[in-house]
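Got a structure here, written out as structure tokens. Questions coming.
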């Protein structure tokens, strides 16, 4: 570990939160490429020493975090309650935001077909998403994007590592008996119940 | 570094705060003497490796902290984050508080329609707002008001000097003048004061 | 409402359960199954139910338009719009499932920020920025409150009004009077009854049994078109 790497490690350690490579470069008066290179070797060095923490790269930012296998002992010692797993609704909202950001709440609700404000508020509070800006469209709605915590939670470094959206597609249902089916002309089939 | 030391280091790392030797002993199912001994050799090992952080021992509690000589570089890197200009979202929350104080967080969220707790916390930490009172309504919620730092930052000596927002009602709509609709980036307004 | 995330979720369930083709939704069939589903589900959660009722109204609307000779195109447009939404939501659910798999059981722990000596905020702002931000936050605020549940009480009263009964009713009246005042037909009665009357009327017009007067004020019986319904 050279002096620059030592400083970088100190900054990451003290910061706690993810910190941009550009900010490290500025503070150390070196180029961003140098920062990235130094962090790569620093990362190897930490793992050679079998350190209990590692450097995560999350959407252009670096963060020090303990290695996953140590989670149980840390939970036990710090008495942290395990976060409840994300609900189906939360995962749907995250999916919409992750692939379309920045997105407004109206967009989310349009895709899901239900009011999603409490879920958006909950995900904001938990730090998975954040307000990114107001959109330059009429009404200037607030838009949301995902955070580094989102990347960390789903084990990816970058949004580009999300599964390819084209691998998801609507499944056509078997069309055995669609041929004869158009508007039924039997009025009794149209009983209305409102 | 053996496996127990690795676990201790992980726990101290994640805790941030000082943590009692007895708690470490309990979590690892070893005696307090063992904990103290392990930490002593761990401490030597960290300093042999010239790590940028060390183990502090304060009144029976252990804490990991960066070495003192690294404080300047850490400040240099982290201050840029703290000194970043207020975001659009922060300005909005600040405006809602300024024009309506004392206001509760619930009120702010009702006006903006999004969870704003982290922004309120951030503005409090930066010293622009503070808890002024608990409102005399059911639940006795905490109310926030602006501080003298707020007045100084916005160049006014008194809340009565706040401009009337309705005199700006003919604001350019985003489609007319997008440049102006974002936060002013006028360099004159961003001069550093130091 | 039940185990469904919303009406789209419920529709996807029905489409898959009844092996329908999502790319060629049969609206009448879907509407009937959807109504049956809503009937089965508890009506306790009125606020959620409002979204389900909205979808019911939408399906009725599409079906209604499909019965009107000159509105088939519009009906087709609305139908493919719904198809698009269903497909989009289906993809959303697939992505959510993928995310669920990616979520790692063991989290990384990170550190809280180490306390730093505070340096004061160094930027200066013009007070007008505040006024603008205030307007942005409050000025174009949308009314986000959902309508109160009471508003749906009348709708969820669940009275079944068969369209066929309204067809018989209209034909009976017309046989006697040959023509009826259009507005009078919809006077009084519950909402479900009026909707059923309207669909009955559309059915009769499509079948060529009745027509509207030039000024749209009267419903006129087409002579010789009675027998089939007697």
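Letters are used for the chains, namely A, B and C, taken in the order the chains are written, and counting of residues starts over at 1 for each.
Going forward, contacts are C-beta pairs under 8 Å (C-beta built on N, C-alpha and C of every residue); 3 or more make two chains touch, one makes a residue touch a chain.
Here the structure is a predicted model, which means the values were calculated and not measured.
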item	value
Dominant chain pairing [most C-beta pairs in contact]	A-C
Farthest chain (mean CA position) relative to subunit B	C
Most central chain, judged by mean C-alpha position against the global CA mean	A
Distance between chain centroids, defined by C-alpha means - subunit A, subunit B (Å)	22
Separation of subunit B from subunit C, taking each centre as the mean of its C-alpha atoms, in whole Å	45
For subunit A paired with subunit C, centre-to-centre distance based on mean C-alpha positions, whole Å	32
Per-residue overlap in subunit C, given as positions that touch at least 2 other chains	109-114, 116, 136, 142, 144
Subunit B residues counted as touching two or more neighbouring chains	10, 13-14, 16, 66, 74, 78, 88, 112-113
Complex interface listing, subunit C residues touching subunit A	5-9, 15-16, 19-24, 26, 28-29, 32, 35, 39, 48, 51, 53, 55-57, 60, 63, 66-67, 85-100, 102-104, 106-114, 116, 136, 140, 142, 144, 146, 155, 158-164, 167, 191-192, 195-196, 199-200, 203
Subunit C-facing residues of subunit B, complex	10, 13-14, 16-17, 65-66, 74-75, 78-79, 82-83, 85-86, 88, 91-96, 98-99, 111-113, 126-128, 149, 153-156, 161-165, 167-169, 171, 183-184, 189-194
Of subunit B, residues touching subunit A in the complex	1, 6-7, 9-11, 13-16, 19, 23-24, 27-28, 49-53, 64, 66-67, 70, 73-74, 76-78, 80-81, 88-89, 109, 112-115, 117-118, 173-175, 178, 181
Contact footprint of subunit B on subunit C as seen in their complex	109-114, 116-139, 141-142, 144
